[in-house]
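Just below sit the structures, each encoded as structure tokens.
The following pair of complexes shares a single chain, chain A, combined with chain B in the former and chain C in the latter.
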Partner chain A sequence: MAELSFPLPDLGEGLIEATVLEWLVAPGDQVERNQPLVEVETTKSAVELPSPQAGKVVRIHGGPGEKINVGEPLIVFEVPDDTAGIVGTVPKEEAPKRRVRLSAVLDED
Partner chain B sequence: MSGRHTGEQHQHTVEGTDPQLYVNVVDPQDDAGLRPVLLLHGFSTSSKLNWEDTGWITALTQAGRRVIAVDLPGHGRSGAPEDRDSYSPSRIRADLLQIAFDAGARPLRDGDPASGLDVIGYSLGSRLAWEFGATQHELVHRLVLGGPNVADPLAAFDLPAAQRYLADGTPIADDSTAGLLKMAQLLPSNNIFALLSLIEAIKDEPFDPAEAVPPMPMLLVAGEKDERAASMPELAALGSKAGALVEQLVLPGRNHTNAVTSRAFKQGAIEFLGV
Partner chain C sequence: MSSPTLESGTATTAAATVTMSMQQALNRALDEVLAENPKAVIFGEDCGRLGGVFRITDGLQARHGAQRVFDTPLAESGILGMSVGLAMAGFHPIPEVQFDGFAYPAINQIVCQIARMNYRSRGTLPMPITLRVPSFGGIRAPEHHGESLEALFAHVPGLKVVSPSNPHEAYHLLKHAATRPDPVIFMEPKSRYWQKGEVDIANPGSPEGAKVMREGRHLTLVAWGAMVARCLQVAELAAEDGIEIEVLDLRWLKPIDAAALAASVGKTRRAVVVHEAPLTSGLGAEVAQLITQACFDTLKAPVERVTGFDVPYPSGDLEDEYIPNIDRILFGIQRVLEYKRG
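Up next, the complex of A and B:
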């Protein structure tokens, strides 16, 4: 098994940080891709971030009320080794959408 | 997600002119066989910010519900008509009725769970939903009203001061007016002059919840730190007095801005409407 870490994604409009409102998953949970992971709030709005990855949650970063900067670790998944090998090639949805999408950090091993 | 009709414009206009409202109809993958759900966003936001990015459309469609999300005039992907009439709450309600029918909603029939329409509103959207329910009881089945007001905060907006500020930067004395204008200017998708037209129209038709009360079951929801939570029992009393079944839900730790993503809010709404 390998660990795969995802940072807080760019939320657009020049926003550099977000505050965690509530985690919807906990370490040990098995989550599906697109399952809601966490609610965060920026200075402009509150958003729900869907999971970019299916897998078991190993760690989550930031409790309710804590700020996370864009690019800092948000969540770490445990995935089978062969899945970790295709990091970053998250399958495309049927139509392009302007939806916030997390992307993988490649320097994790 | 199947059957997504992005950007579908409604086919019929009310009172002659096209209100240029953006309508997004999303079909569920597994239809629960229940009536569609109309979503009405708040002032200075959009169906994308209020309902899509917050996970509402996903949660509702996963619960098997067909969703009709509308951008209010001057908001999101809707047009910004020049005539003031397009922004009046009564005209917006007439346009919403037409949109609902064009999207397939049908009047309530006893024993037919697919008939009628459920409505979820937030803030200004809850005001519109309250009035829509009060006037369309042959169509509306149940209401969920988030961050509901008992009076319109927009009715006290100092319009001349806002116009002076936009023209030459004259500072706005009234804090509420300054705050609302700042919020409106934060979003590049807002047409600021259209939003001022909406405020002007609301001042002409301020919210009076006692004037017409929806008779159908309603769920009132507000964040614990939203001052509207304190006045929610007043709305509940109005509804109960008119014979409506009224439930209230207060979301711990949440305010008017961040109550909207709350899981408890979504689950409460889905359960309340799932009958």
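Up next, the complex of A and C:
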């Protein structure tokens, strides 16, 4: 298993920080992609941040009321080592299937 | 990920065989190359901090420093242009082009500089560059992420081209390529990155030429990269029908091991070459000609080619229809088996 850190993204128009309002997940939780992770407040609005990926939550950074700067760690996931790269999916290893059978009269000269 | 063993001259070769994925095999090979050659440097898009989009350079920056493993701007022409300068200055660059289709913006540097500099400078400026290119299809990725450029590279004098088919080959061929004085295009079959296999660390076997992966007497399947595993499956199925197939992993696509083709097909007298790249002017034509040249008198049938189609590489949903599948390869074999001289 590998750890993957997700930093607080720029939530729009050059904001530099956000305040954690409420965590919606806890360490140990298995989360799905796009599942709401945390509610944060910026100088513009309060927003829920969706998870960028599926994985198990290892650590969360910042309790309610604490400020996090854009680019600093927000949450750390545990992901399997064999997940695909950023592009594409891991091909499934399947038992070979066939519809064609071979037939031949082989003269063994 | 296991750390490399670097003690030389150890008496025992215990646990010399390790089971790992091709990802891990490549990562370990690069780790060892960096440790063994102080002039080796690795760079490319996301190769540094992230460890590569396929994790091939994972942990290398932390272990060897940001001077030797680093990120580049998103500019392939610059990645390869910088490789030329570093090679001139005595380094051994190991650049990565993140995906096959991203090599196109760098073609000028590869063809006009890297391939020719040694020749142009009468041997005073060799280009020991190992260009890693995650290649071929099979991972349901978008455009530019599933292409097979071997024929393009093989056509350029001055370049060598190699593609491993399993973790053992990946580990040893990359270590070999990264010690060559010549530019080598190292095509990694990305659909095979995650499959595990045994790597015999101490016994590489010959790093040159082709390799027989399964012996047979009725027909030779010639393949490279990800198609080798598929051809081995086909050989297994053909055996159920009483047809014994030899699978030859070409490995080096430039230079091609003509002697190995002659030896195998000289024995089996029938051949099918399989590749993902489009048919027309694909490397299958070169392979067919080399076989025909050597085995014309004893061939039982014209060499068949089972390949991708003459279309731009399709989107992920259509990939299974494009890449030679088991049935298409079996049909190719059947055409050869039932050929009658007119």
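Heads up, the rule we're going with is that the second predicted complex is superposed on the first by the 83 of 109 C-alpha atoms of A that agree within 3 Å, B and C clash if a C-alpha of one lies under 4 Å from a C-alpha of the other, contacts with A are read in each partner's own complex, and residues count from 1 in each chain.
Everything below uses one rule, namely that a contact is a pair of C-beta atoms (placed from the backbone, for glycine too) under 8 Å apart; a residue touches a chain by one contact, two chains touch by 3 or more.
Since this is a predicted model, take the numbers as computed values, not measurements.
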First, second, both or neither for A:E13, with chain B first and chain C second: first
First (chain B), second (chain C), both or neither touched by A:E39: first
First (chain B), second (chain C), both or neither touched by A:Q30: neither
Partner chain in contact with A:N69 - chain B first, chain C second, else both or neither: neither
Common ground on chain A, meaning residues reached by chain C in one complex and by chain B in the other: 98-100
Partner chain C, residues of chain A touching it in the complex: 2, 81-82, 84-91, 93, 96-104, 106
Footprint of chain A on chain C - complex, ascending: 21, 52-55, 58, 99, 138-142, 145, 190-191, 194-195, 218, 233-234, 236-238, 241-243, 316, 326-327, 330-331, 333-334, 337-338
Footprint of chain B on chain A - complex, ascending: 13, 21-22, 24, 34, 36, 39, 41, 43-48, 50, 64, 94-95, 98-100
Sites on chain B touched by chain A in the complex: 1, 4, 45, 48-49, 52-55, 58-59, 186-188, 253-254, 257-258, 260-263
